[in-house]
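Common to both upcoming complexes is subunit A, partnered first by subunit B, then by subunit C.
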Partner chain A sequence: MRFLLRRALFYLVTAWAAITINFLLPRMLPGDPVQAMIARFQGRLSTDAIASLYVLFGLDTQTSMFSQYVTYWGNLFKGDLGLSFTYFPTPVSEVISQSLPWTLSLMGVTTVISFVLGTMIGVYAGWRRGSWIDSLLPIATFFSAIPYFWLGLIAISVFAVTWGAFPAAGGYEPGLIPGFDWEFISSALYYAVLPALTVIISSIAGWILGMRNMMVTVSSEDYVTVAHAKGLPERRVMLGYAARNAVLPSISGFALSLGFIVGGTLLVEMVFSYPGIGYVLFTGVNAKDYPLMQGIFLIITLAVLLANLIADVVYLLLDPRTRKA
Partner chain B sequence: MTPVLEIRDLSVDYGQGAGAVHAVSSVNLVLNRGEVLGLAGESGSGKSTLAYAMTRLLPPPGLITGGEVLHHGRDKEPVDVLGLTARQLRSFRWNDIAIVFQGAMNSLNPVSTVASQLDDIYRAHRPEMSRGQRSKRSAELLRLVGISADRLGAYPHQLSGGMRQRVMIAMALALDPEIIIMDEPTTALDVVMQRQILEQMMRLREELGFSVLFITHDISLLVEFSDRIAIMYAGRIVEQAASEDMYRSSAHPYSKGLLGSFPALHGPRRPLTGIPGSPPDMRTVPSGCPFHPRCPSAFDACEREIPVLEKLSGTNGDSSRSVACWLNTPSLSGHPGVGAT
Partner chain C sequence: MKSALNGKTMAGLAIMGFFVLIAIVGSWLAPYDPSAMSSDIMEPPSGAHWFGTTQTGQDIFSQVMVGTRGVLIVGLVAGAIATALSVLIGVTAGFLGGVADEFLSALSNIFLVVPALPLIIIVTSFLPDAGDFLIAFVISATGWAWGARILRAQTLSLRQRDYVEAARATGERTWRLIVFEVMPNLTAIIASSFVGTVIFAVLSVITLSFIGVASVSNWNWGTILFWAQNAQALAQGAWWWFIPAGLCIALLGTALALINFGIDEYMNPRLRTSIGGKVKMRVGFTPVLRQEGGRS
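Right after this comes the complex of A and B.
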C-alpha cells in the first residue's frame, strides 16, 4: 500500500512536469496560427483583417507567461481545453471526445488481440522449440520489418482496390448516423477489419519472439524440472510454472504498449483515413492548431502515465516478489 | 536385503554421433529398501546425470543410450522405468521416487505459495483428496520438517535458504515415496544448516522407511550418513563398498584421494592430501583407466585397458563390495591386492 502511494506521488509529479512542458512547447515554437494564415494568403490580408483574426483566435491579449500558465491550469481543471482553430468554434474537448472512442476501440482491441495471440503462440513455440510453430517466426518477423504505412498501402491496394473485399478508407458507411444500432456497429466493424488486421500482423512478431525467448529461458529453471519431477500434467507445468513466470516481462511491455495506443495510432489512421485521434492530430499539426495539439498531447501523456500505473499494479498482483512484506 | 531400484548397464550420452560425450557408461547400481546409498565424485563425474537419467528428467541433448532402471515396487512386479509410457511415468514420478534438487534457491516456483505448490502434487496424484484433507496433509508435512504451518501461505522469497530446502523435503515426502533422490541437497547452505537438514532427513527415514540415494561431492558427509557408498569417476562407478569399509580401507586410488581431501571430523588428525590434476575433459577421456594420468600408482596396464568392476570381499561378508582397478588383479599388477599402493 505504501508502495502504491509512493508510485502515485511519482506519477503526479511526472504528470505535472508533462503538462507544464505541454504548455510551454507550442509557445516556444516560431510562428502562430495567424502568421500561418498570413503566409497562406501571401500577404494579401489587410492589417485590420489580421487584427480581427487575432481577436477571433483569442491571441490579442498581452499577458505574461505566468498568468497564461495559471489560466491554463484553471481551464484544465474545468475540462476546458480551449477552442480548436481548425474545427472552429468546436471546443477541443469535444473534438477529442468524438475521435478518441474510434482510436480506443480500434487500437485497444487490436493491441489486446495481438498480445494475447502472440503470447499464446510464443508459449507453445518456446515450450516445443524446433516444432512447426518455429517456422511462423520468420514470417511474423518479416511482416513486422515492413514499414507500417507500406504494409497498409499494399493491403489497401490488394484487398480494397483490386479485390474490393474491404473498404479503403473511413470508419463507417458514409451517410450512416453514428449510434448504438446494429446497422452502424456492423458497418464500423466491417470498416475496421483491414486496419485491425494490418496492425495485428505487423505487431504480433514482437510478442511471439519475446514470449518464446522467455519460455526457453524459464524452461531450464530448476523449478520447472521440479514440476516435471513431481509428475504434474504437462499442461500444468507449461502454463502454471513456465509460462506463468515467463509472461512477467511481456506484461509490463503490454501495459506500456497500451499507453502508446493513442500516440502510435497516427500512421494507421492516416493510411486508412480513420476518424480517430491520430488523424485529428495530423490535421491539427498541419494547421498549427495549438489548443488541439496541446489537448491531444495531454491525452497521450495521461494515457502513458495511466498505463504505467496499471503496469505497476498488475506487476504487483502477478509477482509476489515485488510486494513489500 | 531386497532391492527397490536396480540400475543395469545404464549409459547416457550428451549429443549424438561422433561428437557424443559419454557422460555415464554402463553403470550398475542397486538401491536396497530402506538404505541410504551415497554416490560421490567430482564435478562432471556423471552423478547428477545418472540421477536425471533414472528419473527420465534428462534435458536435451542428453540421451539414454542403453540399460535398464528396474523399480521393484511393494508387492509389484519389477518395471523398467525407461519403458514407461508418458502417463505411467507421470504417476511413477513423486509417487514412487521423489527428488530433492541441488538448487535450494531455485527449486520452488517464485510466483506460487508453498501451499499451492503442495496442492499441485495432490491434484495430479490424489485427485480424490478434498480441500480439507489437502491442507491438513500440507500442515502435517511442514510440521514434519520443523516449519510452522502458518508458513503455508508464504512465497519462496519470504523463506530462508534452509527453510526452502526443508519445504522441498516436505514436498518430497508428500506422497510417501519409496525412494528419495537427494542431489547435492545442501550445497547452497552453510555447514550448520547442512547438518541440521541431513540429520532431520535421516530421522525421517527412520520414521517413514524410504530409501535414499544421496548424491554429493562431499564424501565426508557420506561416510557419516550413508550405509553404502559408490564412487564415480568419468561416468563410471569405480568403487562400491559399505561406508565403514570405504572409510577404513578403500581399494581404489581415487577413493583414497577423495577421502584424503576432507578433514576427518572424528578420530586422529591426518594430513590432507587431495588429488593432483583436475577431472578429465569428458570429450577426450584418457585411454584405459580414465584415472591413470592422475593416479599415483598407475602402471602400464592402466593406460591400455579399462578396468572392470570386480567383486571384492568386504568385512562382515558384504557381497556388494566391488572395485574397478587393475591393482586388484594380482596377475597384472604383481601386487597382492586390496589396499596396495
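Right after this comes the complex of A and C.
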C-alpha cells in the first residue's frame, strides 16, 4: 500500500509540474501569440477582443504573475481550458471531449494487442535463442526504426490508393451519424484497420526485443534450472517460471514508453486524418491555436499519468516483492 | 575490445559513416539546387533525376542529399547535450545519494513520464523562428531523462565497490572519485544512451518538419515529406517523392540501433545470438557467467 501511495504522490507532483509548465510556456517564450493572432486576422479583431486575448494568454501586465496563476488553477478546476481559435467559439474542453474517445479506443486496442503479441513472440525468441526466430530480429529492428507516420503513408499508398481495399482518411463513413448502432460501429472498425495496423507494426518490435533479451537473461537463473530439474513440462517452466519474471521490466517499461506510444499515435492520426486528438492537435498547430494545443498537451499528460498508475497496480499484483515493502 | 566490433556493430558503423559523409559533402555533390524549380514536373526516377522530381520540378535526389546535414546536426547536437545532461544529473544523483538523489530522481522521473513529443511540438511552435540548433536544444531538454535514470542505477552499484572505497579512504575528493573512478566504468552505458538519444532526436526533428512546426525552408528529410504530403503526392501516385526520404530515416535508425545492440552485447555477453550456433535452454545448460554484482 505504501508503494502505491508513494506512486500516487509522485503522479500528483508530476501533474502539478505539467500544469505549471503549461502555465509558464506562453509567458516565458519570446513569441507573442496575441500579436501573431492579430496579424493573422488582419485588423478584423476589435480592441475589446484583443484585450480579452491578452487576458486569456495571461499576458495582461495589469495583474501579477501569482494572481494569474491562481486564476489559471481556478479555471482548470471548472474544466475551462479557454476558447479554441480554429473552432471558434467552441470551448477547447468540448473539442477535446469529442475527439478523445477516438484516440483512447484506437490507442487502447493497438497498445494491448502490440504488447501481448510482442511479448509472446519475445518469450519464444528468448527461450529458443539461436533458432530461426533470431534471424527476424534485424527485420524487427528495421521496422522499429521506421517513423510511425511514414509507415502510415506507405500503408495509405498501398492499401488505399493502389489497392483500394481500405479508406485513406477519416474515422467513419462520411454520411453516418455517430451512435451506438451496428452500422456506425462496423464502419468505424473498418476505418480503424489501417491506422491500427500501422501502430501495431511499428510498435511491436520494441516489445519483442525487450522481452527476448530479458528471457535470455532470466533463462540462466538458478530457479529456472531447478524447475527443469524437477522435471516440470518445458511449457510450464517457460511460461510460469521464466516468462513470469522476465515480463516485469516490460511492465515497468510499458509505463515509461507510453509517452512515446502516445506521440506515435498522434502522428498516425494526423496522417490518416483520423478524428482523434492527434488530428485536432495537427490543425491546432497549423493554425497556431495556442489554447487548443495547450489543452491537448494537458489532457494527454493527465491521461498518461493515469495509465501509469494503472500499470503500477498491475506491477503490484505481479511482483510480490513490492507488496512486502 | 574485439567482441565489441561484431558484424552488427560494423554494419551499423558503416551505414552511419556513409550518412556522415553525405552530410559533409552532400551539398556539393548534389546535382541540382534543391529549391530550384524546373519544367520537369512530377517525373518518375530517371537518369537525369535519380529520385524523380516534385510538383514544382525540384530534384528530390538533391533534396535528400542536402537534407542529410540538417538531420544529422540536430541528431548529434541534441544527443551530445542530452547525454551531457544525463551524465551530470544521473551520476551526481547516484553518487551523492540522500536528498540530492531524491530530488534529481524525481526530476528525471517527471521528464520520463510527461509525453515528450507533444511537449516538443508545443514549445517549438511557441518559438517564433525555430532553426536547427534551437530545435536540437528543445529536444535535448526533453530527452535526457532516460539516460540519467540508467546512469544513476549503475552509479549506485559502482560507488560501493571496493576500489571506490579505497580511493575514498586515501582522501580523494568527490569530483575526482566521480570523474576518474566511476565515470570510466560507465563509458559503455554513456555511449549507448548517446546513441539512443540520437535516434530519438532524429525521429523528433523529422516529425517536427513533417508536421510543419520547424521552419520548412531548411531542407531535411522531414521537410521533403512535408511538401510531399502538402502536394498530395500519395493520391497522385508519386511514390518516388516520399519513399527515398523514408528509407533513409529507417536506414539511419537501423544503423544506430545496430550500434546499440553491439554495445549491449558487449556489456551482456549472454545476449549474443551467434555463439556456436543453436543454443537450447534445457537441463544441463549451465551458464558460466554470473550477473555482475549479483542480486543484493
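Everything below uses one rule, namely that the second predicted complex is superposed on the first by the 280 of 325 C-alpha atoms of A that agree within 3 Å, B and C clash if a C-alpha of one lies under 4 Å from a C-alpha of the other, contacts with A are read in each partner's own complex, and residues count from 1 in each chain.
What we mean here is this: a contact is a pair of C-beta atoms (placed from the backbone, for glycine too) under 8 Å apart; a residue touches a chain by one contact, two chains touch by 3 or more.
Note that the structure is predicted; figures quoted are calculated from it, not measured.
Chemist: Between subunit B and subunit C, whom does A:Arg244 touch in the aligned arrangement: first, second, both, or neither?
Modeler: In the superposed model, A:Arg244 contacts subunit B only, not subunit C.
Chemist: Examine A:Ser97 and indicate which partner it touches, taking first as subunit B and second as subunit C; both and neither are also allowed.
Modeler: Neither partner.
Chemist: On the A-aligned overlay, A:Phe297 touches which partner chain: subunit B = first, subunit C = second, or both, or neither?
Modeler: second
Chemist: Who does A:Thr225 touch here: subunit B (first), subunit C (second), both, or neither?
Modeler: In the superposed model, A:Thr225 contacts both subunit B and subunit C.
Chemist: For A:Ser67, using the defined touch cut-off, is the partner it touches subunit B, subunit C, both, or neither? Pick first, second, both or neither.
Modeler: Neither partner.
Chemist: So, A:Leu305: does it touch subunit B (first), subunit C (second), both, or neither?
Modeler: After superposition on chain A, A:Leu305 lies in contact with subunit C alone.
Chemist: First (subunit B), second (subunit C), both or neither: which does A:Pro320 touch?
Modeler: First partner only.
Chemist: Identify which of subunit B and subunit C touches the larger number of residues of subunit A.
Modeler: Counting contacted residues of subunit A, the larger count belongs to C.
Chemist: Once chain A of both complexes is superposed, is A:Phe142 in touch with subunit B (first), subunit C (second), both, or neither?
Modeler: The second partner, subunit C, only.
Chemist: Which residues of subunit A are in contact with subunit B in one complex and with subunit C in the other?
Modeler: 220, 225, 228-229.
Chemist: Quick one: in the complex, what on subunit A touches subunit B?
Modeler: Residues 220-223, 225-233, 236, 240-241, 244-245, 318-321, 325.
Chemist: For the complex, which residues does subunit C have touching subunit A?
Modeler: 8, 106, 109-110, 112-119, 121-123, 125-128, 146, 199, 203, 206-207, 210-213, 225, 229, 234-235, 237, 239, 242-243, 246, 249-254, 256-258, 261, 264, 268, 270-271, 273-275, 277-283, 285-287, 289, 291
Chemist: What does subunit B use to touch subunit A in their complex?
Modeler: Those in contact with subunit A are residues 55, 57, 59, 89-95, 98-99, 101, 103, 106-112, 120-121, 124-125, 155, 157-158, 168, 171.
Chemist: Touching subunit C in the complex: which residues of subunit A?
Modeler: On the subunit A side, the touching residues are 10-11, 13-14, 17-18, 21, 25-26, 29-31, 33, 127-131, 134, 137-138, 141-142, 144-147, 149-150, 153-154, 156-157, 161-162, 168, 213, 216-217, 219-220, 224-225, 228-229, 234, 255-256, 258-260, 262-264, 266-267, 270-271, 281-282, 285-286, 288, 290, 293-294, 296-297, 300-301, 304-305, 308.
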